[in-house]
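Two complexes, one shared chain (chain A), two partners (chain B, chain C).
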Partner chain A sequence: MTAHVLEADRLCKRYGTVAALDDVSLRVGGGRFVTLLGPSGSGKTTLLMAIAGFVQPDSGSLTLDGAPIGHLAPEKRNFGMVFQGYALFPHLTVAENVAFPLQIRRVGKAETTERVKAALDLVQLGHLAFRMPKQLSGGQQQRVALARALVFRPNLLLLDEPLSALDKTLRLSMQDELRDLHGRVGLSFVFVTHDQGEALAMSDDVAIMRGGRLVQIGSPAELYERPANRFVAGFLGRSNFWQGRVAAQDAAGFTYMAGGHRLHQAGKPPGPAVLVSLRPEKLMVLEGAGGPANQVSGTIATASYGGDSWLVQLDVDGLGRMQAMLPTWRRTPPHMGEAIRIGWDADASVIIDDSEGDTA
Partner chain B sequence: MNSGAYRWFPIPALLLLVLAYLVPLSQVLMISVTDPELGLGNYALLVTSPSIARVLATTARICVITATAALVLGYVVAYCMTQARPAVRRLMLVGVLLPLWVSVLARSFAWVTLLRREGVVNSVLMGAGLIQSPLPLMWNEFGVSVGMIHTMLPYAILPMASHMRGLDPALMAAARGMGASRAQAFRRVFLPLSLPGVIGAGVLVLIFSLGFYVTPVLLGGGRVRMVAEYISLQIQELLQWGTGTMLATALIAAIGLLLFLLSRAVGLRALSGAR
Partner chain C sequence: MEGPGRGIRGTAWTVILFLLLPLAVVLPVSLTDQPYLSLPLHTLSLQYYANLLHSADWQSSILQSLLVACVSAGIAVILGTLCAIGCWRMGDHWAKAIQALMLIPIVVPTIVYALGLYRFYAQLGLLDTLLGIILAHAVTAIPYVVVIVSTGLSGVDARLEQAARSLGAGPIVAMRRVLLPLLRPAMLSGGLFAFVHSWDELVIVLFIAGRRVFTLPRRMWDGINDKLDPTLAAVAVLLVILSAALLFLDLWLRARREQT
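And now, the complex of A and B:
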């Protein structure tokens, strides 16, 4: 089975003065796991509901395998959907819930029984077929919702924050299960979350949304290593930022001045002024001579213990407050007021666009 | 102990309840088994007296018609209310509640002016040439039912609407997403889930209808006798205290039974997943 390709082209949707979707284009296909990630109110649900057919976009088009589907009612689109609260029918048993889409499609009795059983086995719930949804735990309800969304062999599976109601341990194990399920069913998934860790851990592609706009789309590593702008860099994990003015350029990279320091950066400068972003875990504590291309001194302001590492806030002359992750295994505990030298390689930091990504 | 004092606070209310309800009620029960002589003779009338049988049959028929019509009409209104935008919903709620501030007497008289021989309905229909002679719209079961349905509608709408609002709208969306048309989603998801609200409203309307007095008297014109009017007739006109109190006791028993069913329906509501 080849997975279907869904294309959203320049979707816009306004609610009064709020632009819930602002010129959003997205391509989902090839059986990929695509995650919509963004803070609350960024338009994730609206985009998912527009794809599902519950929200009518003001403009833009939706196609499935090249054929327009924007005019189709939700029931004609054949997309599986898992809602945030699961939306299991409380008056039907687990098996009846899963059978629902098949009965609507007038699938025969014997085949229905067989496919319901297969779908429940897929999510390891075969033994609970005759329970009522109320009698199941959150994780089990979640799996019934998945079975029900997959049993009718949809073109695409849409999931709106399906894990956010679960406690942390269960959420982590459901992440693995969902990934595993995705691998087995060969469908493209569009998954919505506001949890960065979840998005990075589960997805083939992450689309970052903010204020109704799609800010950046790419693999988790691309987004983390090469954030397009300040918003993405700050939203996906922690980052240090500073401004610089380009001083000189050569084949390997360029030199820029920032806060009185002469610093080196790999790559080409986008203009005379640059915004630099550096992940805290890429900062090294320097002891002795030698080391990376960029070196500065600072004073430790605070340090918080995180098990595998210390998160340290430093005050660096000219660059201001910076954050660094120091591995706990290599050092005596950092203490307030301690003077340290830190450094980073020319290709550890990245040049990003100085915008929040929410304006054109 | 300080908190011990609170224990006595309900006492005045309890006393009032005992004096105003339990004492008279037990007297009603007493009279029904002692007047004119000790025994269950009055209760035998329930099965032996043709006139009582006729009154009970009329009462049951009108109550069932009223409840059915109020539920069907009320369901549509309640459904529209739950689907409407909040501003429209508030407006509809006011519309539903407004009649409750007008006394039953005034509303029944309003229906008299509409339904009598020379009333508004007949004169409009005759003026339009649709009918030659006035339709018998009141002083019959039709007129009584119309008046009662009108009075009962808010009591049918409000419990159903409140139950429907408790249903998760995502359930309907989920059904649509799985391929169900609007009508299929309504029939297979919304309707079954709204049934406990319908049952609750139905029992409520039946209970209120059983004791109706003013509307049957005014719109029935003495030709449609329901049980409340019959009881008052027995006691006030014919001084048949035994028969009257027996019927009153039977009425209370019937209402008790319906209330028991209502409590079952409420249990059902909890089962059906209303929030």
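And now, the complex of A and C:
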């Protein structure tokens, strides 16, 4: 199966005074798993519905392999779609649901039977072909919806928060299944979710949306390690932030002053004032001499146990409240009021853009 | 104390008897041996049922009423269902306004409506025609269908239609293969109501029918005014049986809908 390339170019859509899509461009292809991630009202579902053909953008263009598709009705686009709540036809059996797109395309009876069986086997539901959707569990309905959206060999698979109705354990196992399915069918997936963990775990690329704009797109690791701005850094996982003023610059990096500390940072400063972001798991607790380039001392305010690590809130002189992730195998339990020294390497922290990403 | 008190029970039974007794009276009257509308005096007789079978007038009226009721119910179901689906798709305040507008034929007194139709039909040449009666009954039955089908639609996930579209079905196919099968029980139920509405409608018929069109209710009306013919009671018994059958059919359809 060849993977098609979908390109959205400068899509805009307004509802009254609200911009649901504000100049959004996106390229999906190469059989990649692309996730649209954002809080509710960020425009991610509107973007998916525009790709599917259920929302008509005010401006901008949509092309598939270079050919414009913006004028095509949803049924002419040949995109598979899995809906929130699955939208299985309640009056048809599982097999009839999956056969529906083939019957519409006037595929012969024998071939239909064969392809329905293959699609149901793909999602391990061959034995439930003659049940009614109502008789299936949420996870099984989900898989029927997937089989129905894949059986007609679509150009692209669109998924609108398909896992949001499942409980947590089932959601995690469906994540693995969906990843696995993606690998086997060789199609590009466009997946909408508001769950950061889900997006990081499943995607090749994550597009972060906010207020109708696409804030940043990249691999999960890129977004996590190099967030473009404060919104992305705060939205994907936890982060510490502080402001600093650049003091000196050399070949390896620069030093800046923050809260009375002289701190080191790798890379080049974007200007005289910098916003620094540091993931809690990159903070080390220091015992004895030596250690990383940046060292500060603080007092433990709270500590919560998380199995593999402690999440510790620290009050650091000059820098305020900071979060640190301390591996549980390293240390005796932290306790309130304990004074500790913490540190981080010059390349552990990143300089980010001090904007929320919702303005140009 | 459990349940309602004696007084309330007594009142309830009185009301129920008041509703049902007139129906019960019709049965013995239809079996009368007298030549006029009365209770049987010496013996029970089926002569008026036989009369009904042999009278060309009564038979033609039954056929006319059946034709009018079936065709007008069919028209009402098609138009009413389309209206309900349209409002369901729009889903905004305009849809609410249209649905309220559709109730006008129920709200306006039938006699006022019939008077208007009389003037209107005179110009269209529809007075005393089957077509005229069929159209009038269809229009006045549409509200029943709109209300019942709208209720059925409220339980339908709007994404089902989108799902059908995404799977390759055009709007018409999506409606035919997904929406209409799901609405079939509601449409049947609406159709039954439309049929019954037309089947016993008298006021409009009195205004716009003349010599040619003689529906069953009109024949009965004439019978009671002119001759006090006991055949009337025999017809009434058949009507009660038919209405009860339709009512039970509707109940059965509803029960089946709730099961699936």
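One rule holds in what follows: the second predicted complex is superposed on the first by the 360 of 360 C-alpha atoms of A that agree within 3 Å, B and C clash if a C-alpha of one lies under 4 Å from a C-alpha of the other, contacts with A are read in each partner's own complex, and residues count from 1 in each chain.
The definition used in the following text is that a residue touches a chain if its C-beta (ideal position, glycine included) is under 8 Å from a C-beta of that chain, and two chains touch if they have at least 3 such contacts.
As the structure is a computational prediction, the values presented were derived from the model and not from experiment.
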| message | Which partner chains sit in contact with A:Glu75 here, chain B, chain C, both or neither? Use first/second/both/neither. | response | both
| Partner chain(s) touched by A:Trp242 [first = chain B, second = chain C, both, neither] | neither
| query | Does the superposition put A:Phe89 against chain B (first), chain C (second), both, or neither? | reply | both
| request: For A:Phe189, select first, second, both or neither according to whether it touches chain B, chain C, the two together, or no partner. | output: neither
| task | Would you tell me the residues on chain A in contact with chain B in one complex that are also in contact with chain C in the other? | result | 52, 54, 73-75, 78-81, 83-85, 87, 89-91, 100-101, 104-105, 148-149, 152
| note | Within the complex, chain A is touched by chain C residues 157, 159-160, 162-170, 173-174, 177-178, 181-182, 260
| Which part of chain A faces chain C closely enough to touch in the complex? | 52-54, 73-75, 78-81, 83-85, 87-91, 100-101, 104-105, 132, 148-149, 152, 158
| note | Residue positions on chain B within touch of chain A in the complex are 168, 170-171, 173-181, 184, 188-189, 192-193, 271-273
| message | List the residues on chain A that touch chain B in their complex, please. | response | 52, 54, 73-75, 78-81, 83-85, 87, 89-91, 100-101, 104-105, 133-134, 148-149, 152
